[in-house]
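You will see chain A twice below: alongside chain B first, and alongside chain C after that.
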Partner chain A sequence: MNARPAPVHVALVGCGAVAQLYYRPALETLEREGLLRLTAAHDPDPVALDTFGDSFPSARRLTRFPEVLAISPQLVIIASPPRYHPEQTIAALAAGIDVHCEKPLAPNLAEGERMVAAAVEAGRRLSIGMVRRHFAATRAIGRLISNGNLGPLGSIDCFEGTPFTWPVRSVDFLRPVAGAAGVLQDIGTHCLDLLTWWLGSPSAISYEDDAMGGVEANCRIELMFGDVPATVRLSRDWARPNRYVITGRDGWVAWTVNETNHFDYGISGTGYAGDLTLHEASVGVRRPTLGAVAGEFDEAFANQVRVLVDPASDARERVPGADALTTLGLIDRCYASRRQMPMPWMVPAWRAAT
Partner chain B sequence: MTSAPPRPGSVALIIATYDHAHFLESAVRSAIAQTVAADEIIVVDDGSNDDPEDVTERFPQVRLIRQQNAGLAAARNTGWRATSSEFVVFLDADDRLLPDALRLNMGRLAEHPAAGFAYGSYIDVDADTGLRELAEFRPAVEGYAAFLRENPVGMHGTVMYRRACLDEVGGFEAGLPACEDYDLYLRLAHRSPPLHGPEPLAEYWHHRGNMSRNSALMLRCSLMVLGRHEDEARRQCLLAAYRDGVLGWKRHYVAVWCIDLLRAVRAKTFDRSLVRQGISLACHAPLTVMRAPFYGVRRAMRKLCSRFGSRTAHLA
Partner chain C sequence: MTSGPIAVLGAGGFIGNRVVEMLHLDGAPVIPIVRQPSSLVLPGRFDLPARIANAFDENALTEAFAGCDTAVIAIAGDPRTLVGSVTPVYRAADSAGVRRLVHLSTASVHGQAPLAGTDETTPLSDRQQIPYNNAKVRAERQLLRCGESGSVETVLLRPGIVYGPRSNWTGGLADEMLAGAASLVEGGRGICNGIYVDNVVHAIRLALTAPGVDRQAYLIGDAETITWRDLYGPIAAGLGIDLDLLPTTSASAVSRRVPMVDRVRGSAAFRLVPAPVRAGMKAAYRTHRDARQKVPSGSAVPTVTLEKALLHTCAYKLPWSKARQDLGYQPLVSFADGCRRSVAWLDFAGYPVHGGSAA
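So, the complex of A and B:
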């Protein structure tokens, strides 16, 4: 009988909204499964630390980051604000600890490259929390594209946005001087990561937003993947369709953001389209059959950590930190070529009337 | 330092005054009107030329301590060292506490015994017009890092200290000509996490007496105070926050000086002290001073854009 491996000792750095909403249930699940043990949680804010720590009574509550390294966990999850990612990640890697860093990996490409180089130098694993890569739907869409099921692609349109409701603890989230991230760095990281994962690096890019010295709430990116034009529109202001539509000669797919196991698939020439619900594929005695419906968001989120702590998991599902560099580079290029987007509502009424 | 252990759950209110006897009565009344009564109210007269006793003698619960003029930090130290309470609040003679100030901060500190101090929001009051405005509240959710980046505490009167922590760090550094409160926040935040809440706890009265500031002196002190934390910032992986702080102070005080300069030119009250300040600022922040005109033009452009609509918008 094989002995069950000991649970991996994990420390979580940053007990803010993403930790409380998503990492907490994921870590609870994986603890119950005996795959990991949360040995410490760190946050400089004692209120946030206590709120998070109440779910993990055996975890030490640490208000200073060096104390986390001192207890030598096997894996550190960095869920602090992005401006802290580089220093904390590099220090943990140098201390011989594997790091899973929440997106975005770093505030810019140069910092991201430093982090990836530090992982190589330390010989430790650096992974990035790109939860959408763990959705059955995004994996299936990627495979449809790479297998050529849609034929040569004609256009890509991503239109994503909701009114901003993220439960931030501080106005720093929206203050450029405090390293705030706008909608591009926030949900744009997810969107650009999916596009580059599916299609590779774009050959051209143009960008406009409404930042005007603050952080952008709306932006528009035009990209070219080879000769395929892609439009990305992102908003923190208003509810948008939240649909990605990819059209090819032989078919199209339309995916609603964060639907982990569902997308629409149209087949050209038939006049038909279907709404696909993805199941686990199980091979029966005589023929393949449908297994359970593929996992929901919480399962996908937990899977990001599961693939790091479960020796039985498929290592190919890990998203290495280096994969984030393409997106970071694109975001840098966007900001470097930033233009102000048309905002007719900013024109005074007397001018609009003429 | 007193030898008696602090009485649990007790709070002392220290009001330091220097030539502010005419403001003092309001401050004392706001101290007495708390929903949770202060156990000790101490007025420290820092060698005033006026007579704060005229005011304090009317309030039997107020104790007056006199000392030769030694500066605000020394006066505050005199005050807290003369108390035996578990919690300490410092109020300037020209400011006022709101009635729930002590209750709210005591609740926070009682709930988190490791915390060294708690602070809240405040209301700006223009003494001439009486206009009141809630100041922007900056919660230091990132603890020590937040204080490296800036000073999130907008008003010292909103802060309640745990007396034991003041004992540990020795209170205010009396030798500092300015920024003694920022220095103390940094030292305390480094040892134990600060607490905060958005409720307004005090009124910050703006009048002519507290409007004048020597930007160069303030920048020098800010950078000196912050500079002491560079090594610790590096150790705690907070060097980026530290660098943001250095840059932020430079930009802030250069901007303040520029505004003072423009006002002085407009009012034809330009004098040599502004030139001296400018030279000192240029020594401490040469690049920031060189870029100041650029920032000014950019700010003016943004104002124009927001007023008339952007060119892009216009063309659209």
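So, the complex of A and C:
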């Protein structure tokens, strides 16, 4: 019988909202399972550091990033603001440490390419936090598309948005300074990653947003995947149903954003559609049966790290940092070709009246 | 315009955001102030020197108001926030040397269905049936008390139903219509004391500089006298919904039913009933209510609150003659144009507007 491998020593960099809300419970779960041990957490803000660190009493609390490298963890999770990702990731890779970087990988494609090249040069693993690739629903939808179950696709329509309540700590997050993340870089990263994961690179793209010297709260992207048009509308401003609808000749799917194990599936020509809840497929039986309902969001989030620290996991589930480059390139193209969204009500009334 | 920067407290809200948009686009120096960084989403579309301050934190507010000549107070929230924030805001403005506060109150201080002849001279009551009204009355009184011992001038504006982009009277109503939850009381024939949001901002702009208006309150509204049916109409048309198919409720039925429910819920006897039994009673009530309203299966249940019943049966158009006389206020956007702008925003926001980009 093989001895259980020692837990992987992990350090977390950046104890802000994503660390506190998502990485903390994921790391607690994986620690309990004996798969990793959080040996250090870093944040320059002692309050944020203590808030996070209280869940991991044995982890060292470090306010300077070089101290993280000095203790030589096997894996560093970069959850700091995006403008710090390149510098911290490249330093960790150069120190011989594997890196898992929260999305977006980098503020732009050039920085992302530097990070991926640094991983190759150091011979270390660089992975990217794309939690939606770990949803049963997105995997199943991707397979329905690639298997041709929907037939030739006709249209793709994605709306994603809700008033922004993410507990950011600094006004810099929403100011036009280096590292500011508008709605395109934020949830657009998720959306474009899913579309390109399912469909490959688009052949054409056009983009408009509502920034007026600052950071966009709304944007609209038109893409062509071959001859299939796709519309993406993102908002941090106003809630509308968060739905992706993909329509093909033989069927359609409608997915509600962040539903990990559920989507609607319509079958053309039958007049029927169903709401599909995904289960684990049972193994070791003669006939296929339903196992447990597929994992919820917290399990998907933990799975991103699990596949890095559990030798028994399926390595194909890891999302390599290089996969983020396609999306970074698209975002660069969007900003480079940016047009102003039409907002006919915006002109002040006293100007319109004169 | 004023001689120095204009602070906008509550800049992340529907009206506060529009104040920022319009004043900034007009070239005025604007400083958005919000409670938390995430509330800067809309002001953040401009490159503005935003500041963070909790409306209860006098020290933080004093820092946020530093260097500002005037301030617009557009705080939203529960009754505790509406009233409790008044004193710290006033004191902070006083400490920071702000010359004038323009405080956004509401026409609801006169009730949702004011009596004929109501104007700014009509005495206010803080014993109304709607808690929001009482909070706004108390906030006004508290602000005037603060002004007795401070040096900051105060101007109170009382808009009615503020509609337009990002208003719940526009987007929220569209949501209700799409969910099958919209309804009218008495056919929506009551008067809607509406005002397009840009007209509110226009009044704010005038109130920042008008001379001799310290401690004055002003009702403000659109030029036209409209009904609730008029307000619903363009939104329904934009969404391709037949206004005549919306359910309509009798005001007398609502006014009898809603207070009874509230009375039962609030009674000491009801609180003594064991929780499982209470839950059963609530479920039974919901079943009874749903059956009475005869809503098609799968649709949301139209909700007719006391507030809505009062609003939809209003029989009086509030005057804004005092604002015209003292501030020079005259609505700049007509009701028809306000509706066109509102429907254009619905299209922008992703609603299925007929002929729009999301349809």
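Definition applied: the second predicted complex is superposed on the first by the 343 of 354 C-alpha atoms of A that agree within 3 Å, B and C clash if a C-alpha of one lies under 4 Å from a C-alpha of the other, contacts with A are read in each partner's own complex, and residues count from 1 in each chain.
Here, contacts are C-beta pairs under 8 Å (C-beta built on N, C-alpha and C of every residue); 3 or more make two chains touch, one makes a residue touch a chain.
Since this is a predicted model, take the numbers as computed values, not measurements.
Visitor: Based on the shared chain A superposition, would you classify chain B and chain C as clashing or fitting together?
Guide: Here the two partners, once superposed via chain A, clash with each other.
Visitor: Check the residue A:P66 against both partner chains and state whether it touches chain B (first), chain C (second), both, or neither.
Guide: first
Visitor: Please work out whether A:M212 is in contact with chain B alone, chain C alone, both, or neither, and reply first, second, both or neither.
Guide: A:M212 sits against chain B and chain C alike.
Visitor: When the two structures are overlaid on chain A, which partner does A:D250 contact: first (chain B), second (chain C), both, or neither?
Guide: neither
Visitor: Looking at A:D237 after the superposition, I want to know if it touches chain B, chain C, both of them or none. Which is it: first, second, both, neither?
Guide: second
Visitor: According to the stated criteria, A:P81 is in contact with first (chain B), second (chain C), both, or neither; which is it?
Guide: first
Visitor: Using the touch definition from the top, say if A:T165 reaches chain B (first), chain C (second), both or neither.
Guide: Second partner only, chain C.
Visitor: Just to be sure I read the superposition right, which of the two partners does A:P344 touch: chain B = first, chain C = second, or both, or neither?
Guide: It touches chain B and chain C both.
Visitor: After lining up the shared chain so the two structures overlap, which partner does A:D45 touch, if you call chain B first and chain C second: first, second, both or neither?
Guide: first
Visitor: Pick the chain B stretch that clashes with chain C in the superposition, from 2-10, 38-46, 92-100 or 128-136.
Guide: Clashing stretch of chain B against chain C: 128-136.
Visitor: Quick check on the output: what are the common chain A residues between the chain B footprint and the chain C footprint?
Guide: Touching chain B and chain C on chain A: residues 169-171, 212-213, 341-344, 346-348, 351.
Visitor: In the complex of these two chains, what residues of chain C are touching chain A?
Guide: Result: residues 21-22, 25-26, 36-38, 40-48, 50, 52, 164-166, 171, 196, 198-199, 201-202, 205, 332-333, 341-342, 344-345, 348-351, 357-358 of chain C touch chain A.
Visitor: Contact residues on chain B for chain A in the complex?
Guide: Touch list, chain B to chain A: 112, 114-115, 136-146, 149-150, 192-193, 195, 235-241, 244, 248, 302, 305-310, 312-316.
Visitor: Quick one: in the complex, what on chain A touches chain B?
Guide: Residues of chain A touching chain B: 16, 44-48, 50, 63-66, 81, 83-84, 86-88, 90-91, 169-172, 177-179, 208, 212-213, 339-344, 346-348, 351.
Visitor: Which part of chain A faces chain C closely enough to touch in the complex?
Guide: 159, 161, 163-171, 173-176, 210-218, 220, 233, 235-238, 240, 341-353
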